[in-house]
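Common to both upcoming complexes is subunit A, partnered first by subunit B, then by subunit C.
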Partner chain A sequence: MIVKLFFGIVGLAVAPFLGGLIAGLDRKITARMQSRFGPPVLQPFYDVFKLLGKTPSAVNAWLVLCSYLALMGSALAVFLFFYQADLLLIFFVMTISAVFQVMGALSVNSPFSQVGAQRELLQMLAYEPLIIIVFIGIALKTGSFSIEVIYAQQAPLLYSMPLLFLTLGVALTIKLRKSPFDISASHHGHQEIVRGVLTEYTGPQLAMLEVAHWLDVVLILGLCSLFWATSLLGMIVLLLVTYFLEILVDNISARLTWQWMLERALASGIILSVVNLLWLYALK
Partner chain B sequence: MLQVLLFLSIIAPVIAGGIAFLDKGNGTRKKVVGVTAALLGVSALLLTLYVPGALAYESGLASAMSVPVLVLDLALLCLILYIGWSRRHGLIMALAAVQLAGMVVLEFFMHPQTLDGSPAFVVDSLAVTLVLVVSLVGSVIAWYAIGYMKEHEEHLRLLETKQPRFFAIILVFLGVMNGLALADDLTWIYFFWEVTTLCSFLLIGHDGTDEAKANADRALWMNMAGGVAFVVALLYLQQASGTLSLTALTGQIRHGGSAAPGLLLIPLVALCFAGFTKAAQAPFQSWLCGAMVAPTPVSALLHSSTMVKAGVYLVLRLAPLYAGTYVSTLVAVCGAFTFIAMAGLAVGQSNGKKILAYSTISNLGLIIACAGINTAASIAAGIMLLIFHAVSKGLLFLCVGAIEQKIGSRDIEDMRGLFKVMPKTALLTIFGIITMMLPPFGMLLAKWMALESAVEASGAMPVIVAMLALGSGLTVLFWARWAGIMMGSADPKLVVGFEQQEATIGRSIRSLALAAAVLSFFAPMVYVWLVGPAVEAMLNAASPLLFTSESFGLGNSYGVFAVYPLYILIAGGFWYAWQETRRRGMAGETLPYMSGIQAAQDGKVGFIGPMKGFVEARSGNYYIGVFFGEDRITRTVNTVAIALLAMLLGGVLQ
Partner chain C sequence: MKFDLQKWINEGRLKSPWVVHFNCGSCNGCDIEILDCLTPVHDVERFGIINVGNPKQADVLLVSGTVNHRNKTALKNIYDQMQHPKAVIAIGSCGLSGGIFYDAYNVVGGVDKVIPVDVYVPGCPPKPEQIIDAVLVALGKLKASLEKSDEAPGQETAPAAGEQPAA
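Now for the complex of A and B:
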């Protein structure tokens, strides 16, 4: 109990730095893929500090409240992950963050913010069911939703649930708003300056959401790590390959519409994951 | 003592209803409703002293009621027959006639031994749970109705008040629901069941418009169809097993094995079908959506604490009897399908009351799916959902009623920026919505329990899981959207302004909000005290998968939901965020980004358009009519639901 609490607190303390670093590397690698030199690896930190130093100004107070709550939700989810808590519980806490970001964006009568929020809701509709099914698949295989038990498995989960891992990959691309699913807030300067659901968050509020995003990245990589929990090396390789593929897909694909996302990505994710569930269920 | 409590819970509201009907004075009506509400609440709380532990059997009250119930039952069916005749509604008449014939055969030719050795009322944990929901939430709604109906009738400019009749039916409804929960004899349950049908028919048609009448008729015939199934089950059970006592039946079935023998599955399916109609499961959802024409307290009552809860109560109570059979799997699939289909329909709606209606049916579907998954953990999840849904949904209906009376619309697009107009009501509505979709609140705890137990579903597990997952995603979508647009304001300071609320309305809304917050915190205690014992009593054994109170929350071998620490952390975080937001004044007001010169005029934001004119910015939600439009998918939904029902019936008849 105490040990787990310790893991949770340390994990939460390290996660923002890790997340920021990953964001920096992401930008560097992306730049190289586009034959640019790219910003320094620590650039995301500089950005966030600069945002924090700006004079606070917001259209309404709800944006401020919602950015605090979003950061709280993400931080709590990361804490629970390192505490090795229940997967579904972590999922529900994760939605707190997403929901409050959207609610803040909806509180402002700006077309960009409104459309961004509606699209973000559709992205949530696309990734939430997939993540739930993946978690239930894990529990079907391991007999528990507890991360502690899942990490204690003898064989890597990837062997028995490759399609569920693929589904998780799709869900994560949507959750991280990477191309082709950067529908609600494009991350790339060359595509769009107004960042959809994030349009009205400024200064310190935007900084908080940026940190929340880093925490989400760490959490998501943590979830991927469940699929190769038997050796540290295997886990690291799996995460590196997964994240590299995410960046690659991000760079080689154009943004698609939400209709495409719901009709193709969500539908194929459901089919893939149910097929995997079926064989796990049959073998049980 | 127990007799007194049963009297107070079941008969006293009926008598109070009679007084409210005869007395035309406004002052006394308020007193009658207030006193009845208080008595109901107290007696429901005192009833909990009897659980878990001794089941209360045979009482004097029961034998005194036996003949009146029989007479009233037949009179009731004749009355419905008459209603059908006066409306020239052949279907209602036919359904009533079939039931009347069935009951005559049962009572006069098969002579069931109603009170011979078997109990008349059984006070067990599950029954007390429903009694608590009815008596506490239902009473708050009745109290709210006092303020609401006054305003409602002023708005309609009625020459003569119809309130005596209205409150009489509401009070009778509460008493009858308690009777339904506590009765053990199936003929009695059937009697109370049909009275709730009649009450809801009268309440839906209360305003007397053509639409109200048509919708009331639809509610009547759909529920009468369920009633016919109920009568079939009664006849079949009497013939096959010689008893109509639930306790005796449960004992008999258990004696033979773990679940019902093949033959008894037919009456069980008939009873489930009756439960489906009452709980407005697809394809019967249209009666509950149509019930929205009634005054808001009626919708609140039908949706949160009475009527539909009777349907899921029956399906939950019978769950152990069909455990492990084909029926169980099909019940789970039907419930999960309603869950996802109704959540989808809710996404396509901009009418606030319809969103609430579809979300109710969707949640009832989830409860029925839990009954069908049929493990100790899933039944517990179903009961938890029943409790927390009643509180949160009651709160939301009362809020929407108050909003509608103020702004004259129930469309959520008209609720944009409601915080400026009705700060307190808007905040409480947002709170109500959050209790429906986010942790650490009770609904989420129950949904967590449901999803965790879905892993153990005996049949069709992948399909059920996929439907539950998709349904959850849709649920978040329509709730978050509604809560978000209500917050809108252009004030950089977080100030909760003054709002005039009618006393009974304001108090009832606040008390339900408080109940939602407090109950969610004490959810593990609610579980240990009521729900866990209820499941253990139903299954007649402790199950290893049943959740227990551990690690500051609830958990089983699959996982733990640490309610207390999570609640404290989130509440603390919220409090901090709220304080910081209030404290931190924004340096300068800004206007939303408009991709041009933004401007504000008369409190509206927009931009400077061509010819230097002010153009107001407008936006609307995505309702995604292509996928979720009512006119687009209702037919498909009904077709699939009918196919599933046919599978349920056909599989059993083989």
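Now for the complex of A and C:
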């Protein structure tokens, strides 16, 4: 119990640095893929510190409250993950963060913010069922939703559920705000309906949402790591390959419409995972 | 070792200038040169520069074109929406003085007739290298004013007379 609590606190303390570093490497590799030099690796940290130092000018109190709650939701989800808690609990806490982000964006009159918020809701509609199906598959295989039990498996889960890993990859692309699914708000310097759901968040509030996004990235990568829990090296290689493929997909694909996202992401994800679930069921 | 948040914030301010671009009725010559900076050839992202759409999220305002009586309120509005610390860069002959339209009946003149300007970039149109240099000169001025405000906190330094970047 004490050991788990220690892991949770250390994980939560390390996650923002890890997330920011991942974001910096992401921007650097993206720049190199576009034959640019790219920003320094620490660029995301400079951005966040600068935003913290700007004069606050939130339009209303909801924006401020929602940015705090979104950050707290993400932080709690990351803590629960390193605490090796229940996957379903993590799933529900993870949703809180995204919901408050949308609520803040809906509390202002700006049409860009409103459209961005609606699109964020559509994205949640696309990735949340996929993540829950992946969790169901994991529970079907291991007999538990607890991360502690999953990490204690003898063989990597990837062998028995490769299609479910692909499904999680689709959800990861949406959650990372990467093309072709970056419709609600784009990352890096890209613009989409000004800044989509993030348009009206400014200064310190934007900095908090940026940190919340880093934490979300760490959490989703953590979920990917469940698929290769037997060795640390295998886990790291799997995460590196997964993230590199995300960057590659981001750079070779265009941004598409929300209708396309709902149809393709949801349909392909559900077909892949149902096939995998049937396979697991047949082997039992 | 003590963690000095203000030091890190100042570091971030110098390394992450997000720009917003406003066109006061320019002929698009300067605007094309500004957008040229964002291409892989010049790649301003290596300085942390990002083009944002919302003035409230921006640190540097790039203004091109002649200010006239119709758009001076829009220009002032955008400037007022930007949060401190901020810098303004006037781009091209029109932004500096009104250019060849200086004596037209609808023209107010240069950008500095409406809002304080930190850096002037001459040219018709200026080269992309000059525009990148102007942003870095503006950062240098910002750094100087930050050091001054560290000594006397709470006092905003008024923008001094414009400085011209090396062509």
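The rule we apply is simple: the second predicted complex is superposed on the first by the 279 of 284 C-alpha atoms of A that agree within 3 Å, B and C clash if a C-alpha of one lies under 4 Å from a C-alpha of the other, contacts with A are read in each partner's own complex, and residues count from 1 in each chain.
Keep in mind that, in the parts below, contacts are C-beta pairs under 8 Å (C-beta built on N, C-alpha and C of every residue); 3 or more make two chains touch, one makes a residue touch a chain.
What you see is a predicted model, and the numbers here were worked out from it, not measured in a lab.
**Q** Is A:T55 touching the first partner subunit B, the second partner subunit C, both, or neither of them?
**A** both
**Q** Report for A:I270: first if it touches subunit B alone, second if subunit C alone, otherwise both or neither.
**A** First partner only.
**Q** Touching A:V194, do we find subunit B (first), subunit C (second), both, or neither?
**A** In the superposition, A:V194 contacts both subunit B and subunit C.
**Q** Touch test for A:L65: subunit B only (first), subunit C only (second), both, or neither?
**A** A:L65 contacts subunit B only, not subunit C.
**Q** According to the stated criteria, A:F6 is in contact with first (subunit B), second (subunit C), both, or neither; which is it?
**A** Neither partner.
**Q** In the superposed arrangement, which partner chain does A:F244 touch: subunit B (first), subunit C (second), both, or neither?
**A** Touch status of A:F244: no partner.
**Q** Tell me which touches more residues of subunit A here: subunit C or subunit B.
**A** Comparing subunit B with subunit C, the partner touching more subunit A residues is B.
**Q** Mind working out whether A:F17 is in touch with subunit B, subunit C, both or neither, as first, second, both or neither?
**A** neither
**Q** Contacts for A:L89 in the overlay, against subunit B (first) and subunit C (second): which applies, first, second, both or neither?
**A** first
**Q** Touching A:F45 in the superposition: subunit B (first), subunit C (second), both, neither?
**A** Second partner only.
**Q** Touching subunit B and also subunit C: which subunit A residues?
**A** In subunit A, residues 55-57, 112, 194, 199-200, 202 are touched by subunit B and also by subunit C.
**Q** Name, in rising order, each residue of subunit C that touches subunit A in their complex.
**A** 5-6, 8-13, 15-16, 38, 40, 43, 45-48, 50-54, 56-57, 59, 81, 83-85
**Q** Touching subunit B in the complex: which residues of subunit A?
**A** Answer in residue numbers: 55-62, 64-65, 68-69, 72, 76, 85-89, 92-93, 95-96, 99, 102-115, 117-118, 121-122, 124-126, 128-130, 132-133, 136, 139-140, 143-146, 194, 199-200, 202, 259, 262, 270, 273-274, 277-278, 281.
**Q** Within the complex, which stretch of subunit B touches subunit A?
**A** It comes out as residues 416-417, 437-439, 444, 448, 451-452, 454-455, 461-463, 465-466, 468-470, 472-474, 476-477, 480-481, 483-485, 487-494, 555, 557-562, 566, 569-570, 573-574, 576-578, 580-582, 584, 586-595, 605, 617, 619, 621-622, 626-627.
**Q** For the complex, give me every residue of subunit A touching subunit C.
**A** The touching residues are 27, 31, 34-40, 43, 45-57, 112, 188-189, 191, 194-195, 199-200, 202-203, 206.
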